[in-house]
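Order of writing sets the labels: A, B, C and D. Residues in every chain begin at 1.
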Amino acid sequence: MRKLTVPLLVIGLFALLIGLAYYDKIDLYTQSVLMFMGINIIFGSSLNIVNGYMGEFSCGHAGFMAVGAYVSSILSVLFFAQDRVFGAPLLPPQYAIYGFPIIVIIAFIAAALAGLLVALPSFKTRGDYLAIITIAANYIIISTIINIDAIGGPRGFMGMKSVIFAMEDVVYLPWMLIWVYIFTILSIWAIYRFVNSTYGKGIVAIHQDEVAAEIMSVNTNKMKLVAFMFSSGLAGVAGALFAHVLGYINPNSFNILKSTEALVMVYLGGMGSLSGSILAAILFTFLLELLRPLQIIKWVVIPLLLIILMQFRPEGIMGNKELSDIFPRLKKFYQFK
Amino acid sequence: MLLEIKNLKVKYGNIEALHGISFTVDQGEIVTLIGANGAGKTTTLNTITRVPPPEGPKVWEGDILYKGQSILSMEPHEVVQKLKIALAPEGRHIFGNLSVEENLKLATYARTDEAKIQEDYKLVYRLFPRLYERRKQRSESLSGGEQQMLAVGRAIMTGANFLLLDEPSMGLAPLLMYEMFKALKELNQKEGMTILLIEQNAKLALEFAHRGYVLDTGEIVLSGSSQELLNSPEVKKAYLGG
Amino acid sequence: MALLEIKGLTQYFGGLCALSDFNITLEEQEMVALIGPNGAGKTTVFNLVSGFYTPSKGEIIFNGQNIAGLKPHKVTSLGIARTFQNIRLWHEMSVLDNIKIAQHYNLGYGLKDLFLRTKRYFLNEQRIEKEALRILEVMNLREYAQERPSNLPYGLQRKVEIARALSVHPKLLLLDEPAAGLNSADVKELIQLIKWIYDEFKITIWMIEHQMTVVMNLCQRIKVIDFGVTIAEGTPEEIQKNPKVIKAYLGDGTI
Amino acid sequence: MLESIIQNIFNALQWGSYYSLIALGYCLVYGVLLLINFAHGDIFMVGAYIAFFVSTLFLGHYHFFPYALSKPVVLALTIPITMFLTSCVGVFIERVAYRPLRRKGANRLYVVITALMAGLILENGNLALLGASRKKFPELLDKVVYHFGNITLTNIKIIVILSAFLVFWLLHFIVTRTKIGMAMRAISYDRFAVPLMGIPVDTIIVFTFVLGSSMAAIAGILFAMSYPILDPYMGAMVGWKAFIAAVVGGIGDIRGAFVGGFLLGFIEILVVAFFPSTFRDLIAFTILLIILSFKPTGIFGVAKTTKI
């Protein structure tokens, strides 16, 4: 029974959400908030791999999100939608349902490759110098996009909505909600497996004492490469979903402010706590929506709340503990692998 | 009585590190605290010098009196400036990005007695001639023993007349260790410096000090003159390896 | 054939010569000490052997292979393990994890197995866990498996660090000042421990140590260096009487 | 050709001066606390706004102070008052946001996040308070244009460049020659031991923030005098860039910050001379990234040796 708790819960929640959305019991606005929650969970917890578990300070995470968003958007419009620039779709649009997960995986790969931009310098550099490299990488990615006119440059890129419509034409379902749900679960699963294996714990060893890690046979360069690419790849997945949920992207939605959001989620939740990141992502998305009526004052209130919170819990909500560390009884009810 | 510790209980976070210790140090004395690692020796010194959290502990109960006055409300820099108590901390904590000379000069930050400062420079350089040889060098590049000398020299330069030394022999080669203790002895005999010493090497410490206290997991379990302690069977068994 | 043969090892930092023309040969199952004043270049030797620095000149031949300039994790997987002057454990994870992560040289599975949780992954994780528990058992540390090292007394932390080094099945164990920060009673215990390890694991041990009791009790051979140059070599008795060593290192023993 | 090169050099020096002045502030705080004070760019913006309000006040733009002073007097009053008020803002942030965290021994990165948040509050708080309409900075100095052949120089440009050098020289003196400067360097290396020398750590830290913020204030005034349109986000981009410049120069060393600022100025002007201006950030950042890849601790930076 313990082994089945989590899969059952996941499937149950899935069916519930899709059912509610299908019969219009939850409106589109709520649906979009739910989807952003999922995207933020991927975005925040993927940064936690590098900033929390490995203890580096990457602050250009949105750059990789941008790579994922653009690569996936271009591909899905190219293959499945009629577009001004790209012309007629290369494949019949009804194949979009099968094509989309592949496109997301390609977005993962592309963003992971972009991650090399910071992974390679990380061999020689640490700490604050690396932080700067990540900021520079973020700017470089965004400026590159701005300077490519074929994909809209500073005006942005759109057309993804028609791909979604194509999916809905085949089977009428809330497709984006489904995709976001699936990829969120997959990402959490992957991160969990990674950081709980002896292999993955190598990055925690790098965090706590890199010299000792290297001397005790951890190939630190390889581990850094894996961690950075894994992390930025997942940011790419978040980007791909983000682009298709919104239906429109422009380079400035992936600026340093977006990276800051990821940082906030990681440090709000607690460095090196997966459940912390998830909790923080949910809380943060919720807070953003709650304070929406305040408009610009929202961006005064949220930082202020965070500063105040940090004064009381300077290690984030969860510290570096997981939910099951704080409530050991939970372990009786589930096993999560 | 110069320094009097009364029933001191301190905590790090929620963990009590000292469970009510009391001891005294008189003017011109050398007193040593011996005990295993984690017995609370460093904690005691950090409490006296009022090192603030997170490195420093919180005083829970008891008092520290200096010449009869409680010093618990003092800031760490005031302990140095006003009471003339200086600590050469465990692990040296020299400023590696400054030169040897700058390290010493920095220790005179709050002092205005220019003539005495010049005398103290001479004293430090006489006690530790190696420091004079390397005064222009970035102190990071000194060897471990030289850094230890610098840490002690710096404590002297604060104008202190009461030195707290936390494991000055840590990591020193035998020859340097003897040199260091000779210099300290001279400081005590010629300059009348009061010294409270923590040392892992119990034999060395007891040969050097007048009196000693044995600390075990946050409590004082034994005290007496150095000779008494050296001959005590418990000390022999637990700390002298005999 | 000698286990480790170092020939003409020389190291410059900037313009400074930290070590010049260092030679030593260690046979299998030997216990040798390297002593010398602070800043004599002892730790530099260890850092060169374990791969932290690439030597400016010279050869380090281990088991017939020149390992000079190899990355540390590579050197470790070839069979050289070490401990550090100031203990370098991963303090925020359990003692067990500390030992398990040291098995990175021989994980037996890759990223694919990790994400898909293949049979191979489980088998290897089980093997690693068993192996780690065994070494803790042997070293009498089993009861601390779930503790964090920072909560253990200093003497035990030393022991855990040595256990971690042993868990990579080294042929050569480098101990950098194992007695630093230990009191006399702990030192006595440490001597017993090292002696036991030496007999039990049948490995070569090479140590840097200031406390003469340790060196004299354990080592068959001692090499003394100063300013990166060898000044004496011999048995403990010879070294203790050597006037050059007394002048540069041992001192006259008075305060 | 030569003339256009010289003209561009002066332009680069002017831009470099702003970057350098801001980078110096970053560098000071970083050098002492190892804290990337991400709010510093916004302190620069606050400085410009304070200068705006102080100068318009003395120019008699408000009812409660209807006396218009002459321009030179206004300038002479604006500079010190702005420096003082901006320092107050800097020190205030230190007191309420950074110090409590430091006292609790929080992870350094939490303090950095707090700094980011403080920056956001300054930007958006300003926007919320003053609205989106931009402010026009009054002209405090009559513009004089000098012509040397085809090269044009304005008096403001010369003042900007000279001030940057003067401030750097002063700062360099403080950091290397005075005891307080020595204490600042010491804190960055080993904060634990500083109070043991009888040095009040908090006083030194406050002093650092005063220095850094007043330099940001000077940069703000100078910037506003040359580019008189103020908006709440003016500090963010310039601040980020200045910070990157400081790191490329070798953060922790004020020479590095100074040189890095000018380097960035030169690169940007050079790029604009040959490429469309949208390429400016792309190429500038790429060059900086390449420099950092080859010289990981920056131009003047010394790698901190890890003792093993």
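Heads up, the rule we're going with is that contacts are C-beta pairs under 8 Å (C-beta built on N, C-alpha and C of every residue); 3 or more make two chains touch, one makes a residue touch a chain.
As the structure is a computational prediction, the values presented were derived from the model and not from experiment.
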Any chain in contact with chain A as well as chain B: C, D
Chain whose average C-alpha position is farthest from chain B's own: A
Most contacted chain pair (by C-beta pair count): A-D
Rounded Å distance between chain C and chain D, as computed from the means of their C-alpha atoms: 49
Averaged-CA centre spacing for the pair chain C and chain A, given as whole angstrom: 43
Distance between the centres, which are taken as Cα means, of chain D and chain A, whole angstrom: 34
Shared interface positions of chain A, touching two or more other chains: 211
Residue numbers of chain C (touch at least two other chains): 52, 84-85
Multi-partner residues of chain D (each touching 2 or more other chains): 104-105, 308
Touching residues (chain side chain D, partner chain A) in the complex: 30, 34, 36, 97, 100-101, 104-107, 109-110, 112-114, 116-118, 120-121, 123-125, 127-128, 236, 240, 243-244, 247-248, 251, 278-279, 281-282, 285-286, 288-289, 292-293, 296-298, 306, 308
Residues on chain B engaged by chain C in the complex (per definition of touch): 34-38, 142-146, 167, 170-179, 181-182, 185, 200-204, 207-208, 237-242
Residue numbers on chain C that touch chain B, as the complex places them: 35-39, 85, 153-155, 177, 180-188, 210, 212-213, 248-255
Chain B residues touching chain D - in the complex, by the definition given at the top: 49, 51-55, 75-77, 80-81, 86-87, 89, 93-98, 102, 105-111, 140, 154-155, 158
Contacting residues of chain A [partner chain C, same complex]: 190, 193-194, 197-202, 204-205, 208-209, 211-220, 226, 320, 337
